[in-house]
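Each in structure tokens, the structures are laid out below.
Look for chain A in each of the two complexes below; its partner is chain B in the first and chain C in the second.
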Partner chain A sequence: MKYGVKRYLLLSILCLFLINLTGCWDNKDIIELGIVSAVGIDKTSDDQVEVTIQIMKISAIKAKAQGSSEETFWTFSKKGNTVFEAIRSILTTIDHKPFYNFNELVVIGEDLAKDGVMDVLDFFERDHENRVQSFVLIAKGISAKEVLSAKTDLASVPALHLVETIKSSKASTRIIEMELFDLLKGFSCPGKNPVAGVIEKLNSEDDELKIINLSVEGGAVFIKDKLQGWIESKDLVGYLIIINEFKNGIINIPNPHEENKFVTIELKKVNSKMDIKFVNNKPIIFLDVKAEGNIGEQQGPGDLTTKEMVKKLDEGLEKKIEEEVTKVFKLAQEEYKNDFLGFGNIIYKKNLRYWKKVKDNWDSEFSNIPVDIKIKAKVLQPGQVKKALEPK
Partner chain B sequence: MLDKVKISSFQLAVVIIGFIFSESIISNPSLAAGIDGWIVILIGLISGIVLISIFSFISILNPGKTLINILIDVFGKKMGNLIAALYIWHFIHILSLVLDHYLGFISSTLYVQTPMIFVAIILTLVCAYCVKSGLEVIARVSEIWIPITIFIAILLFLALIGRYDVNNFFPVLEDGFKSILKPSLYMIIFPYGEMVVFLMVFPHLNKHKNVFKVASISTIFASLLLLIVTLRVIMVLGPDMIERITYPNFISAKFVPDIHIEVFIAINVLLGGVTKVCILLYSIVMGVSQLFKLDDYKPFVMPISVIVIALTFWLFESFFEHQSWSEEIYPYYSLPFQVIIPIFVLIFSIRKNKMRSSKK
Partner chain C sequence: MFRTLIRKFNYLKLNSLNNSSIKNTPKKEEIPKSIKEIKNKLNQTFSECNDFITRELEIGEKREIKVIIAYIDGLVEKKMVDTEIIKPILIDSRLTKLNQEFNKKTTIEILKENIISISGLNEVDDFNESIQSILSGDTMTYIDGNKKALKADTRGFEFRGVEEPDTESVVRGPREGYTESIRINTALLRRKVKNANLKFESLKLGKQTNTDVMVCYIKGIAHDDVVETVKRRLKKINTDAILESGYIEEFIEDAPLSIFPTVGNTEKPDITAAKILEGRVAILCDGTPFVLTVPYLFVESIQASEDYYSRFISSSFLRLIRILALASSTLTPAIYVALLCFHQDIIPAKLMITIVSSREGVPFSAFIEAALMIIAFELLREAGVRMPRQIGQAVSIVGALVLGQSAVEAGLISSMMVIVIAVTAITSFIVSSMDRTIPFLRFALLIGANVIGFMGIFLVSEVILIYMCSLRSFGVPYLAPFSPLNGMDLKDTFIRVPVWAMLKRPKALTENKDGGEQSGYRMKVNYRKKED
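Right, the complex of A and B next:
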């Protein structure tokens, strides 16, 4: 009898322990949370930080799939001296506690970026709820608040639309895919300044700003943590080749048969290697590029599969890549005088003694170093037709 | 009582691995050297092997005796009892520091709003139950948990391969050997020096002559695991970030694509942590009962646990206090307990053994 009572007591104590398994102390139901999909940060005229958050309306997302026209998101903005202060003051307006664990995107306004972004990004690195894997975009000629309030017809939530656009950088050379963590790493890396992705407004007559009127293209060049200038999206090819981040993209070269017509080459594989060499105790930037591609499109007539023509195509491709690369080196060395290509970092890793000598005025030193470019390009395949059709 | 409890070589090895590896996951001492942390681990391993051989030879030369008996043997009755009492205090202190470390980690990354005292009580309660059930239970529990810990460490290493940047290792030794000297010396006391508590456990090994073999092999294995973790952190986070981030290992696990796997780090900490807390708690209560020549240590488990929890909350008011204390004072405080007295005891044991064999 006594044994039985003890057993029941033990069993009930064990059941009590089950209470612990329901979750954390501060657990909340998903419907009680406002899931933040994007955060935008701007600078106001009175030197304060304005934080905009985009919250997904989960019920409306479901309704939209069934044809409802209700908006699927809210945006809220609040000002504060620090990001955390602004984010906390959002609580005075909305009933759902914003939940930042699924934050996919951080948009930074142009004015703020020019004054230095580290004052606002520290919060994203420090707070336990934030993800450092969210993508970063710099809003060019438009405020981050406007970007986040733009509506979308295609995806369920605008932020996810933008994120998918950024991810298409795998097939496009006009987009820079930059995570918050990589940006922070870029700031802290010696001899290298980061280039972040950019979102800008296209010209349109619509009154209401839609996401279709925005475009994720180009790059924002930083010097330390301050925005210095932009790289235009057509120049990004060269930049991506130099930093060896070129994944897949197209390049137009003139048709050897007819100079004013184009042949489009789809570059499948581009490997580049930057190095430092010393000639007469003077450093030289040495860039070695190896590219392989297929013919993607041909304008104008002519057979491109003969031996001479393939050689001419290879040479044309090499010349074009050299043009693109030189353009970016000029931008870095002459216009911006800013080593965003990471050449200083290579010196830091390979020749520490020289780096310690030049690191204090590296950016001016960098702009005087001659560049030696070696390119080897090869066109491999013609695609599904060997010869373009000639109308007869 | 001492003769009855026996643990196997494998169990001892697993306990040692858990002991070294668990706390080092969250506060990896080698990362103070930044990207040269892997060199620090390799240098630190040498000191670890030296220390573990000191501890295990003390145990081999005094078969069937725990640290308390050995101290009384070496220093005489009065002095020996005093030093033994100081050792017990030192173990209580280490245990509080360990708990504070775990609580700090858990409360700043996962259970942010849960009161720390709640986590502390739950964790200690489990460990107290474990210790009450005896050393064999601690060993058997570790036999289940620690292989999971090892598996998780290797899994995380493989899961992050896509993120690795080998260039992060360069430049090697940017500031010369000076920058790695201090972290390497620090590794003598943490994690290796704390293994002095195993002098309370070694006598229970079923094949007592294997102590050195088992202890050294498992120390090397645990250090290699630590090396894997360090390499992963360096290759994912790169320079500067490692030194700035509070829990680099935890943050680096966040970069596994598409899944939130960083909780595994906390699982590792807790599973290994149970072993570490259990071994320390066991050594304390065993030491107390031997000091007062009692037959049973079980009545002391609960009171000591309460003292430890109270001490944990009383010791430091903030993370910063703990950090500066463990950097500035802890090495000098623990050096006598973990290095100087053991060396003295070893010399004395060798002399005594020689005298005994010459008499024969």
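Right, the complex of A and C next:
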């Protein structure tokens, strides 16, 4: 009997140890949490960090679905020397415990980005309550606090509106989908500088800032962890093609029948391969692009399905893609002198010895490397009609 | 923990066994020679028994030998007694020309061979046995000057006809169900298995009730050890009354304190037939339509007779559905509480909004809410079973409207919790043979979930699994064929393979020809090829 008691005691002690293995052990009811949908970080004039959080007002969200006009979110802002300090001081204001696991969006103010973002992002990487899958946007010409207080009529919460916009506008190829995790990875990756998404204010006469007055487009180029400049949204096509992230989008080429009219090609499949080859111990950038697309729209008359015309279309598409790509190379090599395309990383992987030699002044080295671009494009299907209707 | 209790329990069992061996063997008592003594003794035994009837007759041409007819009114078919026993004795015995003279010695032979026209006719020389036969519905004929008496099977009493049972209704398959009469039940079973190897071994249980109990198995398929164990355990039973097979179940089950049933029951002869054909032993009990089958394994709770009557693809799908139902019925409230209180981060954002908005303003914690709803459901269910049919509607209105709708509208219970409990309730009806077990598991898991979230669920389910592995039913591991794993026997578990592909009987149940005990688990593990 004594032996048995001892055994059960031992077993229950072992079970107690198991409790330590659990990650989250505190029983916290879901309604005691304030669900944070977005976090914004700005730099204040007195060099402090101002953290803004947007908390979902769940009851209002439900009411909104039934037609109520009540606001669906609160925003709170607090200042502090560090992000953590500011976030902790928010606790003095709200009764719910902020819950960051559903944080979908991190907005960083332009001023802060120019000074370097690593100091504020460390908290997001370190703290277990945060998620690194939230999207990152750099606020251009507007503070993050303003972005988070913008109201929405469409989605339940402004942050969700922005997130859905980012996700759904992949096809427009004017947005960069950058998650916090990828941004942090980009900072640490040798020979590559990250490009983050941008949110900017459109011109409007409304007093109250609304989400529809904001636009998510373009890219923010970083050098190390500091904001260097912007990529215009129309230039993003080339950038996305180079880094092989161009999934589905459209490109306009001139109509072979009539020069000043357009044919829109919907690209269905774009594969690009970045490579660096060494000739006489000098690196040369190679870019190999293979594209396939269908005719999406045609301006002007004419049958585009003849053999001859198809060939002309193919050539036009190749020319157009080359234009777009060259534009981006020019931006990287001449204007910014910044390898945000990631060719340094290829050298790092292929030729470590050479990389060690050039890594300290890689960005200036990069701007002098010759570029060889090869493009093979094909237009496959004309859509539901063979040729455009000609009004008589 | 329970070891001391179990030990005490075993001790009690042992005690009762010892007593039974003394008391239960009825003393043999000779039948008195003189008819007067017999009459006195009968009247003494059945004094104040209104339904006991005796009739004194004189037999033969010379009317010198007296006989007594004794039976119990209501248990016998009166017409049969009148025309097949009394009439031949009174009239035919005098008219028929016989080779022999009637005297005290020859009467019994003549009655047996020439006069009484009843098929079931036996000689009895024990007075106590004759009393017992009278009580069972036989008609006794005592003869003056003879130590033997005649027992005629005239049983015929009112009983319910063969009907479709309410508990196990089927869409396809035989609809007949057992009745309260054991003789009809054996006939139903015999009609399914027309085989002389189908054995019915009879014994009487209950000191006061003397209930007929039969052990039924197929010789050559059922394992001898199991048959022996069943008979041994049945003989050990020392109790006043066996009113239902549930009494027997409690006496013979392997784990009397367990929440898991280790003895199966059914109301349908086709199910029993299938089970004894797999090597199980059935125990029929007079007075109840529920027939026990042993050994009872966990897989049987997800098997249904219809699985074998419909095509294997659809029945395999239904097996999976049933497993899903079993899991969801035990786990859903626990997972919901764990998600709400510990792992909010893995709920999708949109679902989170729905859940939170439904829970806003609810004054209870998720655990209390779930516990309240589970108890409310069990109350409703019990009310539904016990109440008279006429007021069923009232209860369902109160249950559905007051408990469901109003509680949600008043903000006492969240609508999500109502959905969760509804899911567990519906799914618990699917695996109906486990429905007395599931509530305990559900609560244990719920408590685990409330203390340490998913970790608690895993911990509790592990304890349950280990416990299930330790169970045995008549020597067969309760979780067979999953644990110990037997690849061949998996043919009839998660899926049911086509009948033509089931070549071998379940390994854990079938007989080993060599006999004898094997170390490890007690069942022999020999394949027997099915004879064509």
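Keep this in mind: the second predicted complex is superposed on the first by the 366 of 392 C-alpha atoms of A that agree within 3 Å, B and C clash if a C-alpha of one lies under 4 Å from a C-alpha of the other, contacts with A are read in each partner's own complex, and residues count from 1 in each chain.
We take it that a residue touches a chain if its C-beta (ideal position, glycine included) is under 8 Å from a C-beta of that chain, and two chains touch if they have at least 3 such contacts.
If you're wondering where the values come from, they're calculated on a predicted model, not measured in any experiment.
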Contacts of A:Gly4 with chain B and chain C, given as first, second, both or neither: second
Touching partner for A:Ala220 - first (chain B), second (chain C), both, neither: neither
Touching partner for A:Lys349 - first (chain B), second (chain C), both, neither: first
Partner chain in contact with A:Glu104 - chain B first, chain C second, else both or neither: second
First, second, both or neither for A:Val132, with chain B first and chain C second: first
Which of chain B and chain C A:Leu33 touches, first, second, both or neither: second
Contact breadth on chain A, by residue count: chain C or chain B: C
Contacts of A:Ala332 with chain B and chain C, given as first, second, both or neither: neither
Touching partner for A:Ile142 - first (chain B), second (chain C), both, neither: neither
Chain A residues contacted in one complex by chain B, in the other by chain C: 24-26, 131
Contacting residues of chain B [partner chain A, same complex]: 108-115, 118, 122, 167, 170-171, 174, 237-241, 244, 251, 254-255
Contact set on chain A toward chain B in their complex: 20, 24-26, 128, 131-133, 181, 184-185, 188-189, 348-350, 352
Chain A - residues contacting chain C, complex: 1, 4, 8, 15, 18-19, 21-22, 24-31, 33, 35, 56, 58-59, 61-62, 99, 101-102, 104, 131, 156, 160
Complex interface listing, chain C residues touching chain A: 1, 3-4, 340-345, 349, 352-353, 355-357, 359-360, 362, 365-366, 450-453, 455, 459
